[in-house]
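Here come two complexes built around subunit A, the first alongside subunit B, the second alongside subunit C.
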Partner chain A sequence: MSRNTEVFVIGGGPAGLSAAHVAAKLGATTLLVDDSARVGGQLIKQTHRFFGSSNRDAGIRGITIADKLQQDVKEVSDRLTVLENTAAVGFYHNKEAGILSQKAYERVTYQTAIVCTGATENSLTFENNDLPGIYGAGGVQTLMNVHGIKPGQKILMIGSGNIGLIVSYQLIQAGVEVVGLVEGMPTIGGYLVHASKIRRLGVPIYTSHTILKALGTEGVEGAILSRVDEKFQPVPNTELEIKCDCICLAVGLTPLIDLFQQAQCRMVHVGELGGLVPLHDSSMRTTNPEIFVAGDASGIEEATTAILAGRIAGARAYEATHGKSAQAEAIVAEAREELRTLRSGSTGERIRWGRERVLKEVGEC
Partner chain B sequence: MTSLRIEHHPVLNFPERKIVNFYFEGKQYQGYEGEPVAAALHAAGIRTLRRSPQKDRARGFFCAIGRCSSCIMEIDGQINTMTCITPLAEGMHVKMQKGHGHIEP
Partner chain C sequence: MLKNDGIISPEELAPVIPPPARLAKGPVAIIECLQDIPCDPCVSACPVKAIKMKEGITDKPALEFDTCTGCGLCIPKCPGLAIFVINMKHTPGMATVSMSHELLPVPEKGQEVTALDRTGKDVGKVKVVRVVNPPGYDRTAVVTIEVPADQVNNIRAIRA
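Now for the complex of A and B:
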């Protein structure tokens, strides 16, 4: 079987849902595929309140934002088809792609594609890092917040970025003892407001420390930590043993870029954005003119900025088929202004730097 | 059902679901219908899901969203099934897989 659409959106997280909603609302026939059982992306497990911005999702929990985005796409269901449990498995030449569900493999022909594949969790190199009981922070959130099961009774958190801090708090809410928070840098990586919550609850914070080894043979029984020097090398004789039954790794994310490479988009490595990302302009268009990008696949940020970039990509993808539109232009202008506000200030510095580097490469900055 | 199941949560409510029986290595266990097989096993206290092909090391789930393949097992005879995204159903037979598994020619 084959399907034909004007806009083809890959990934139903905050970026993809927003892009599909905007494209369909403006009037483009749109198809969205997502490989998981339910759209919403990682928002369906995020119980914390987002900072958002004054006019977008400030103080709202991730799970509520997911519900809202799911409602939004239902509103335009006459033009938008959503296929869950369906993975985009490859691009072909001449605007064709393949999608695979549990039932069938189908061909999709499209005018423009918006790729919102998100990111994958990083691991960390240490002895026994493959033991059962060592989980990614996203895995822990899925188990705990989607399925209602604790990862263990005593957990050690590695990484003090916002994810490490927020998931530590969520673990405590679920009744798990967080026996320590380990950070290689001399200071906490995430926002102070998140760190203060953890500190008030008495979680020991080990800055300038790393994990040398997980203990156990059939599963985690503990960990050996060590102090690190300013070059992040372990300092001898500073080892410390911690008892725990699981270890959570919150050590960053890497954009999922396979489809861009297959579509022969030019890639650029920007450390501030999490690694290799497809080059794209401020309309979120890649160097392959029929392919757009939004969300973590364009550089690791968070859900609010993913929603806004998705809106820009959705509006521009609509224009690619239907021509210039004042309504689309207004959506883009509004989203750009909100993005500028969200990325301002000292906390947005790294992201701003990374984003500017991408735009410089395409000659926009 | 076990102490790993969250009973009370300040933000979330977990709705009542149907309890089903399933088998792990021939022994009977209970879990909730539709939850991932890996989640049901974890709640039952089982976290070694397979042995690695070369060094025979214990492996559990890692990503829980069907990305990393760390949780693959044999379900009802089907090898290399990602248990973290396979919904649990009544009467399922779940087995540990050695290495890459074996398919009868």
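Now for the complex of A and C:
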């Protein structure tokens, strides 16, 4: 079987849902596929209140934002088809792609595609890191917040970015003891309000420390930590043994980019954005003119910015088949302005720098 | 230091503590959000516009101590759980601290709970004097506890 659509959106996280909503609302026939059982992306695992702009749902829980976005897409269901449990598996020539569900493989022909595949989790090398009981933070969240299963009783968290801090807090809420949080840098990576929140519930934060090895034979029984110097080298005789039955790695995300490479989009490595990302302009168009990008796939950032970039991509993808539209232009202008303010200030510095590098490469900055 | 261990030092805290004259008047907010982050729900939560961000969303919140009525409406809206309301005019020698509480069990009014300081250390039993937990707060209860006046800026969490 084959399907035909004007706009083809891959990935139903905040970026993809927003892109599909805008494109369909403006008048494009739109198809959205997501490989998980329920659209919402990272949001369906986020039980905490989001930071961000109150214009864009900050202060409410991630799961509630997911419900709102799902409601939005229902509103345009006459033009928008959503397929869950369906993965995009490849791009072909002539604006054709393949999608695979549990039932069938199908072809999709499209005018423009918006790729919002999000990110994958990084891992860490240390002795015994393949023991049962060592998880990525995303896995812990899926077990705990989607399926209601505790990953363990005593957990050690590695990584003090917002994900490490927030997942630690969610673990405490689920009744799991967080025995410590380990960070190689001398300072905490995530927002300090989130760090204070777990510290006052008794979680020690070990900055300038690393994990040397996991202990145990059948499963995790503990871990050996060590202090590190400025060059991240373990300092001898500073080893520390911690008892735990679970280790959670929250050591960063990398954009999920296979589809862009397959579609022959030019890629660029920008450390500030999490690794290789497809080059794109401020309309979120990649160097393959029929392919747009939005969200973490264009550089690791936040749900609020993913929603805004998704809106830009959705509006521009609509224009690609229907021609210039004042309504689309207004959506783009508003989203750009909100993005600018969100990325201002000192915490936005790294992202701003990374984003500018991408635009420079395409000659826009 | 906050950025190394998550614990706000007295020096770091000093600028957000209202002056003694304001404290003497009754309840007032203490906003322990000391880093420029892209976040602003506290600003729109305040009915009297006492919370300002001069440089926009990425600025730190600044509280106008004299405008703040200590109503506590900003407390459950803060995703950082960084806002507390303290009342030094409670009873002689005793003060109250109001804070967000997102752990089960949610304590009840009159219950004795364990008070924790900024490091999570047990600093004794305290009495809950008020629990506000309407549907609109979406499961973030605001719990008010009675504490010795000299502990008012030391106690920052509870375990029920």
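Everything below uses one rule, namely that the second predicted complex is superposed on the first by the 364 of 365 C-alpha atoms of A that agree within 3 Å, B and C clash if a C-alpha of one lies under 4 Å from a C-alpha of the other, contacts with A are read in each partner's own complex, and residues count from 1 in each chain.
FYI, a residue touches a chain if its C-beta (ideal position, glycine included) is under 8 Å from a C-beta of that chain, and two chains touch if they have at least 3 such contacts.
In this text the structure is predicted, and so the values were computed from the model without any measurement.
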Please determine, from the superposition on subunit A, whether subunit B and subunit C clash or fit. fit
A:147 in the overlay: touching subunit B, subunit C, both, or neither? Say first, second, both or neither. first
Scan A:207 for contacts with subunit B and subunit C and give back first, second, both or neither. second
Between subunit B and subunit C, whom does A:121 touch in the aligned arrangement: first, second, both, or neither? first
After lining up the shared chain so the two structures overlap, which partner does A:103 touch, if you call subunit B first and subunit C second: first, second, both or neither? neither
For the combined three-chain view, what is the angle at the C-alpha centre of subunit A formed with the C-alpha centres of subunit B and subunit C, to the nearest 10°? 100
Considering only touches as defined above, state whether A:173 meets subunit B (first), subunit C (second), both or neither. both
Just subunit B (first), just subunit C (second), both, or neither: which does A:196 touch? second
Kindly classify A:61 by the partners it touches after superposition: subunit B alone (first), subunit C alone (second), both, or neither? both
Superposed on chain A, how close does subunit B come to subunit C by Cα atoms? Whole Å, please. 5
Common interface residues of subunit A - those touching subunit B in one complex and subunit C in the other: 61, 173, 175
Considering only the defined contacts, which subunit A positions touch subunit C in the complex? 48-54, 58-61, 64, 172-173, 175, 186-188, 191-203, 205, 207, 302, 304, 341-348
Can you check the complex and tell me which residues of subunit B touch subunit A? 3-12, 14, 35-36, 39, 42-43, 47-49, 52, 57-68, 84-85, 87
Touching residues (chain side subunit A, partner subunit B) in the complex: 35-37, 47, 61, 63, 120-121, 123, 130-136, 138-140, 142-145, 147-153, 173-175, 217-219
Within the complex, subunit A is touched by subunit C residues 2-8, 32-41, 43-45, 55-59, 77-82, 102-104, 116-121, 138, 140, 156-157
